[in-house]
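Paired with subunit B in one complex and with subunit C in the other, subunit A is shared by the two complexes that follow.
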Partner chain A sequence: MGLTGQSSGISLLNNKFNITKKSDEQIVIALAGNPNTGKSTLFNHLTGLNQHTGNWPGKTVCNAQGTFKYKDKDYLLVDLPGTYSILANSVEEEIARDFICFGNPDITIVITDSTCLERNLNLVLQITEITDNVVLCLNLMDEAKRKGIDIDIKKLEKSLGIPVIPTVARDGKGVNDLLFTIHNIVEGISKPTPYKMTYDDSIEALVKEIEDNLSGLLDESLNSRWITLRLIDGDKSILKSIKEILNSPSYEEREV
Partner chain B sequence: MENCTEKSINDIEKIISEKLEQNASFGDKIVSKIYEKAEQIANDVVKINDTRKINWDKKLDDILTSRITGYPIMLLMLCLIFWITIQGANYPSALLANLLFGLEEKISSLFVFLNSPEWLHGILVLGIYRTLAWVVSVMLPPMAIFFPLFTLLEDLGYLPRVAFNLDNMFRKSGTHGKQALTMSMGFGCNAAGIIACRIIDSPRERLIAIITNNFVPCNGRFPTLIAIAMIFIGVFISKEYSSLAASLAVVLIVLIGIYFTLLISKLLSKTVLKGIPSSFTLELPPYRKPQIGKVIVRSIFDRTLFVLGRAILIAAPAGAITWIVANTTIGDVSILNHVAGFLNPFAKLMGLDGFILMAFILGLPANEIVLPILIMSYLSKGAMLEFESIDSLRQLLVNNGWTWVTGLNVMLFSLLHFPCGTTLLTIKKETNSIKWTVFTFVLTTSIAVLVTFAVNTIATLLGWV
Partner chain C sequence: MKCDNCFERINKEELTLNKLPVGKTAKVKTLLNTGISRRRLLDLGLIPNSIVKTERLSPSGNPIAYNIKGAVIALRKKESKNVIVTLLHEE
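Up next is the complex of A and B:
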């Protein structure tokens, strides 16, 4: 059963997200971040591909994928559209959200613009609500430095509970540290324990009630708390996505 | 099993809708909690110690997006890019033409030496080789200069400022401001521009952006426009100012394209695609120092050689076919002349001729090959020509009755006519509708016919032709 589960996981990736995973061993990494923070630049740097990069927000509108090898491991990197949030206010946000939530990437890199960290952190906090294996890539450190912005990396790591790697993706600075960090997570040497948002008591009570109803329904790999929160949020598209996933042939096969 | 999940999901929906009735602000509370936390962490870890006295980004933005200086600078930039392209392309174009056509003579004598049949020499040398030589010598130099320049502007962060400047005009046309961005993408490739329309959420506004994207000239059409401006519009002005006149002509064509984008968008949003524009926030990214070396290498490999490769791939068979069609006769007249003769009366109304119209129709797979096919058709009429310089191309066109009005009409038709095959397929894919694909085809072509007809009529009435 375990085998079918895994292979159906691949076909789910394939059916819904158009992602072709070569083998079960390949590690899937999602690359998320605000628009114009250098996702495609980092993507090109890691994969050696030439996704068109350009200095304007919203350039990547569909998932681009590429592969790379690091320390004898095969990686599949998925470049998600740039978004400010994943609360699904737009198509890009829905694509990014669905992939992180239902595509089950092994690791998610959130790439942020160091010159406006606060706005970027909104997305980081939303993503760490869905999945634990998140690495924060603090990009554009050269611009931050020029603007006299100083970021306490250690403190940030502690507040968020995830690894934080400063980079200048254009010059490839810090990319090796990033890869090493990812490698350590894959090997189980380190394990991110992200800070989890807690909300008002009234919300938390409602979350509990709905989560109990929901938990029997969903595959354990899905984050029921996060889905519950989105439902409370009044997000209709998440129900649509859940129904889609539940009804997809690969998923039913798994349930049989 | 399916029913069971449907049922539980419905149950959950019910619980939530009950709760939300009691307290509707859950969503806001969740979001503001996340924002609070982000702010708290950021305040905790970020120290700003800005020692710079002047904020250059802001200063630049004030100038580049100001109501007064924004548009003039945009026009100036556009003009400058085309001027550098045209000025710079002149010499290498002539050099390449000399080289390649000199080589043609050598190849021809080799064919004679080997005693090969006339038709083989015709198809291979007069058909394929000569078309390729034209594609390379006319298109390569402008592309190799234009694309890096355009990519530099993109890398620098100027494109979003252009979008910002144009946003207001698009809103007045009843469409989405992001259309300014998808339009800018269209300058690279209309198919890419149409895919970029996915960033527009409202289906109505997206459709408008898709339908009108073709009105900005793409990679494939810029070389044609630049070449015609260079060899035709430019030379009618005194030599010193010819590059300037040619670049102004291309800028004018681009502006006409933008004008039609706005006009048709407005017409569509007032008629078949009614609605009010939705609002959005456009973020102006920081200016970034472009990586000049990388930009040049990338734009030459990714764009110039890509477009050239595609052009060659399509131009080679097209050249062979054109030669065959031009040299196969029915009665005493070649098939080529039959078709051109058939199209001629209609084409004349638009200030074109049968050969030009036929080249546009044969150029449906890719706009890049319109000019080479046209040249081939003219050459096959028997008027042999000494290929001494790029200027001989102008002579060829003049011999075939071209005036500057013909040049202008060809540029206008190229700008406004039906999208290329790839773009049409992309429209079909993105809209998922044959109806809208056909609609775009008919709409653009009708506009091209109407505009060239109007220009030609006015020019005739004024006695310019």
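Up next is the complex of A and C:
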């Protein structure tokens, strides 16, 4: 990695994530979600590609990418590995986390399994902590219906503060709604305002202190609050990623 | 009456998750570990008061597959012994 173009998003996408953006106008969408919720199925449906889908975890380890067009706009879709968390414990989680945090996708779609929504919401909250532009896609609605599960979409939307779209990716149901929602966000017609987690006073005070110290050190495009929280966590792998991405060796020493 | 008491005793029995027999359901009481390994268990859905069921054993008995909030997840003994659960009486 050379020094030139380090700060530009495109070079970052190229170097770190091996993703080639055709032009500046192309909109990057990340597909995240728990394992086995239909990320790759939706990916194939949108891009018309035939990436391998299969019912076992860890199938998508390296991210796959494809393009599609909607209403005269070019989109680049990145299929991330399925994870339960992005507080990196494994390589897949690190890939997903680094892409969402440092790859600056324009929009992140979180795909969840409607038959066990509760366990999926953990990841949703973790992602909305990093980025605002999140769309929640409730996949496998047909299976949920078969199991007698009824989801109050409006209420979910209200409490999470992000658009919630029910889909059946296998049949392509709801995919148009999803695209329309994404289009609206890209055009600035709607703006997700996700629910933000507030922590204990003691933690919040610490966050403020560290965040003030961090400002100026971090690139504006990075979410300093989120990085601060990870530093408090004592997450070493985030330091490694920040170092790689900003090519700045001084970060390691600033661990609090 | 005696039998009810007996169930009452079993109901309140606490054990570590790795000792939960196949087919039995339990409620998570607390996690003993800290840091990243604790975070990991929480991310997998092992949050206090959540319900967990032992699905099956691997041939060597380690790891063991559990149903946690609708997904089957295999945990090694090293991890599951940090989870204290309360055995639930099945209907």
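Here, the second predicted complex is superposed on the first by the 240 of 256 C-alpha atoms of A that agree within 3 Å, B and C clash if a C-alpha of one lies under 4 Å from a C-alpha of the other, contacts with A are read in each partner's own complex, and residues count from 1 in each chain.
Keep in mind that, in the parts below, a residue touches a chain if its C-beta (ideal position, glycine included) is under 8 Å from a C-beta of that chain, and two chains touch if they have at least 3 such contacts.
Every value quoted in this text rests on a predicted model; they were computed, and no experiment measured them.
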Which of subunit B and subunit C A:115 touches, first, second, both or neither: both
Which superposed partner A:143 touches (first subunit B, second subunit C, both, neither): first
First (subunit B), second (subunit C), both or neither touched by A:203: first
Per-residue contact with subunit A, leading partner among subunit C and subunit B: B
Partner chain in contact with A:213 - subunit B first, subunit C second, else both or neither: first
Contact residues common to both interfaces of subunit A (with subunit B and with subunit C): 36, 87, 115, 118-119, 122, 233-234
Touch list for subunit C against partner subunit A, complex: 35-36, 39-40, 42-45, 68-71
Footprint of subunit C on subunit A - complex, ascending: 34, 36, 84-85, 87, 89, 113, 115-116, 118-119, 122, 233-235
Contact footprint of subunit A on subunit B as seen in their complex: 1-2, 5-6, 8-9, 11-13, 15-16, 19-20, 23, 26-27, 29-31, 33-35, 37-39, 41-52, 154-157, 159-160, 163, 178, 181, 195-196, 198-199, 201, 282-283, 285-286, 288, 291, 298, 302
For the subunit A and subunit B complex, residues of the former touching the latter: 35-36, 50, 52, 54-59, 61-62, 87, 90-92, 115, 117-119, 121-122, 124-126, 143, 146-153, 155-156, 159-160, 170, 195, 197, 199-200, 202-203, 206, 209-210, 213-214, 216-217, 229, 231-234, 239, 242-243, 246-247, 252, 255
